[in-house]
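Read from first to last, the chains carry the letters A, B and C; within each, the first residue is number 1.
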Amino acid sequence: MSNNRSSRYKDKIFQGMGITATFSCILILAIFLGFIIYQGIERLSWDFMVSLPSRFADQSGIYTAWIGTLWVLVLTTVISFPIGVGAGIYLEEYGKKNKLSTFLEINIANLAGVPSIIYGLLGLEVFVRLAKMGNSILAGSLTLSLLILPIIIVSTREALRAVPKTIKDASFAMGASKWQTIWKQVLPASFGGILTGVILAISRAVGETAPLIVVGALAYVPFAPTGPFDEFTVLPIQIFNWVSRPQHEFVINAAAAIIVLLSITFVMNGIAVYLRNRWQKKVSW
Amino acid sequence: MQAEAKNPKATRDKTEPKLNPDNKDFKLQAKNVDVFYGDFQAIDNISLDVVDNSITAFIGPSGCGKSTFLRLFNRMNDYIDGFRMNGEILLNKKNIYDESIKVEELRKKVGMVFQKPNPFPKSIFDNVAYGLRIQGIKDKDFIEERVIKSLKNATLYSEVKDDLNKQALSLSGGQQQRLCIARALAVKPSVILMDEPTSALDPISTAKIEELIHELKKKYTIVIVTHNMQQAGRISDNTAFLYMGRLIEYGDTQKIFTNPEKDRTQNYITGRFG
Amino acid sequence: MKLKEKIIEKLLAACALLTILTTIGIILILLVEAIGFFQEVSIVDFLTDTQWTPLFSQKSYGILPLLSGTFLTTFIAIAVALPVGLTIAIYLNEYAPKRFKMVLKPLLEVLAVVPTVVYGFFALMIVTPFLKNFIPELSGFNALSPGIVMGIMIIPFVSSLSEDALSSVPNSLRQASFGMGSTKFQTAFRVMVPAASSGIIVSAILAISRAIGETMIVAIAAGHQPRLTLDPTIPIETITAYIVQVSMGDVPYGTLAYKTIFAAGITLFVFTFILNNISYWIRTKYQEKYE
């Protein structure tokens, strides 16, 4: 009897712990976000968005930073989207169950776990130095593309896998070739899932700081880049730079910039989640 | 009709079954075919000729190899790991497993309808037009004419003509299967293979499709795998009974069902096993 | 047409092979520069010296201070993330009603998408001042604050992976346990967690690997003073923060100081590589259990 009571007691306690843990996390997140908004919302203005950074906090703006982020976003997407999806298609549709494909899978799983700063070191040696791209947007975008490639590959494979085999059978039975089947049936059917994966990956790239610092994105860039070979900075690095300054005004700037960065991040993730829900409804074979 | 030899080894000989002695040319033939998946032998030395413009049914218990055998005719087994075959499958006297044969061309002449209706997640029109478009045909009028004709031949047109752009997946099961038939017809094959085409459908849809198949045999050579013996008895002209990868008996459907040669056939027909 | 098919297949294969090239590239650059480093610094010194001062006039090249900084922050992070993450996973899977779970899970995911530089800001600007109320001698840069914030960041990681592991245990086991009169607590801890143990262990290992490789939170809030210590209240430096520190400055290519970031990098890579492979091995070896 007493065993029963103590068991039920433990049960209740744990349930309490679970609820507390879950809500604490959400509460902490709310506190963090609230603090940011409180600190930074007033600093947000059109002026802030179009001013160049300066030594004076109240004149500093994020213009060069978000232009740089935009450049990096577009370039990284252009590079990583076709390569990542292409690799995913190859592994899922053309791969045979042999040692090579297992090795490729293990390798991709490994790459996904490599710290992002190591990718920065790779980019520094290969793109900045060996390929002589310098501390350019191109070098940074290539580095980030390598970083997010495993993410895109894995999510592409999942989306492709969800297409039922019967659709492929029907297409083959009609005399379509492998690529025709992929291009006309498999890709259109899995496109929602693929797009979701790519948006999430790009959103991750937008928030990355360390690899770009190593590749030489500068902390103080008083001009907006005009081409892929220009030097640049991005929002996260600008934030990092301001946070590292002792003056309180720069902290306010950092908070305002964080609001901008978080807005971009949340919007992208929101779009991805929306797409995923719509796509999953469609895939009700 | 000449009497079949009572020799139990008859089906292992190379002589063609004397079903239609006046028609010397068969579109579709199998000669001494074995099929292996790895070490497992799925088909053991089957030879048969499919009579043109008729309905040939393959029957037999589960796992006897009838689907495997059917899929030899459009080389859909090629995608399975470890598949090997000996012997020949002839379409218009040419061995379709010859290296010079392009599989995609073959499948335009030999169409297939599957057990579970598998329309593409596209519109009704795009489903039927698919086979034409992958051949590179771009003429819109030609495609439209062919699509409508195929839908009519599949007795589906009257039910969908108001909106051909409707999603195929919104049709009922029976309609989807007729759509799949229309899709196969659109490329004008000479042979249509059907792998248990009504087993996933309700009785009314089944009846409609059986009627359709009966109409189709006027223009096409049809081979149908079915586990439903009554269906085989209803619609087919000739029936092949397969058991454990071997052809036990092949002949006129009525004869097979009323007076089979082999005991095993008799036992299967009367439901003693399978 | 056959030619077009072949070309397309080769192009796609090239995309896939790029992943192998990436790995080779990483290993090569780390090795080449590290070998260059070890030609000037003895590996014994590297592994045993208790000072790391490559940028000062008095140069020492002992990795231990950076290692201790990394492990101190990682330890704190895991001490936060593992119990909390696991508790949340068990709660959501075994206790929470479905509607709760459907709302709470995405909210937790938000924690996972916040960029790490923002977490660094939180650590420096919110958590450190907050902790100072309880630990007055806490210095402005320390290991405790970023450690805790890293832990918070990793919680959704642990809870999501553990939750996947728990949900893949067949419901029949749960039913059997309830059928014998067990409470949810007993079912969770005596049946479900042991059954999902391989997945949970994998989530723990991956969490550790994640914490070891984390850069911005520690670069902002932990300081840049490498020292061999277990004291979480004073500034330290992690391997990752050191690399950032050097990259922010002007260290010319080819100098020993430049090579130090690769010596640090290869150390980091070795640890995360081993951890990731152990987790992959566990995942593949124990996954077939419930197929």
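Convention: a contact is a pair of C-beta atoms (placed from the backbone, for glycine too) under 8 Å apart; a residue touches a chain by one contact, two chains touch by 3 or more.
All values derive from a computational prediction rather than experimental measurement.
Relative to the centroid of every protein C-alpha atom shown, the closest chain centre, again from C-alpha atoms, is found for A.
The highest number of C-beta contact pairs joins the chains A-C. Centre-to-centre, using mean CA coordinates, chain A is 50 Å away from chain B. One finds 17 Å separating the Cα centroids of chain A and chain C. The mean-CA centres of chain B and chain C are about 57 angstrom from one another, to the nearest whole unit. Residue positions 177 of chain A are each in touch with at least two other chains. Touching of two or more other chains is recorded for residues 1 of chain C.
Counting partner chains per residue, chain B shows two or more touched chains at residues 104.
Within the complex, the chain A residues that touch chain B are 97, 164, 166-167, 169-177, 180, 184-185, 188-189, 282, 285.
Chain C contributes residues 1, 4-5, 8-9, 11-13, 15-16, 18-20, 22-23, 25-26, 29-30, 33, 84, 87-88, 90-92, 95-96, 104, 106-108, 110-111, 113-118, 120-122, 124-126, 152, 155-156, 182-186, 188, 206, 209, 212-216, 219-220, 240, 243-244, 247-248, 253, 261-262, 265, 268-269, 272-273, 275-277, 279-280 to its touches with chain A in the complex. Across the complex, chain B meets chain A through its residues 74, 76, 79, 81, 103-108, 111-112, 114, 116, 118-121, 130-131, 134-135, 169, 180, 183-184, 187.
Those residues of chain A whose C-beta lies close enough to touch chain C in the complex are 7-8, 10-11, 14-15, 17-19, 21-22, 24-26, 28-29, 31-32, 35-36, 39, 82-84, 86-87, 89-91, 94-95, 104, 106-111, 113-122, 124-126, 129, 146, 149-150, 153, 177-179, 203-204, 206-210, 213-214, 216, 219, 236-237, 239-240, 243-244, 251, 254-255, 258, 261-262, 265-266, 269, 273.
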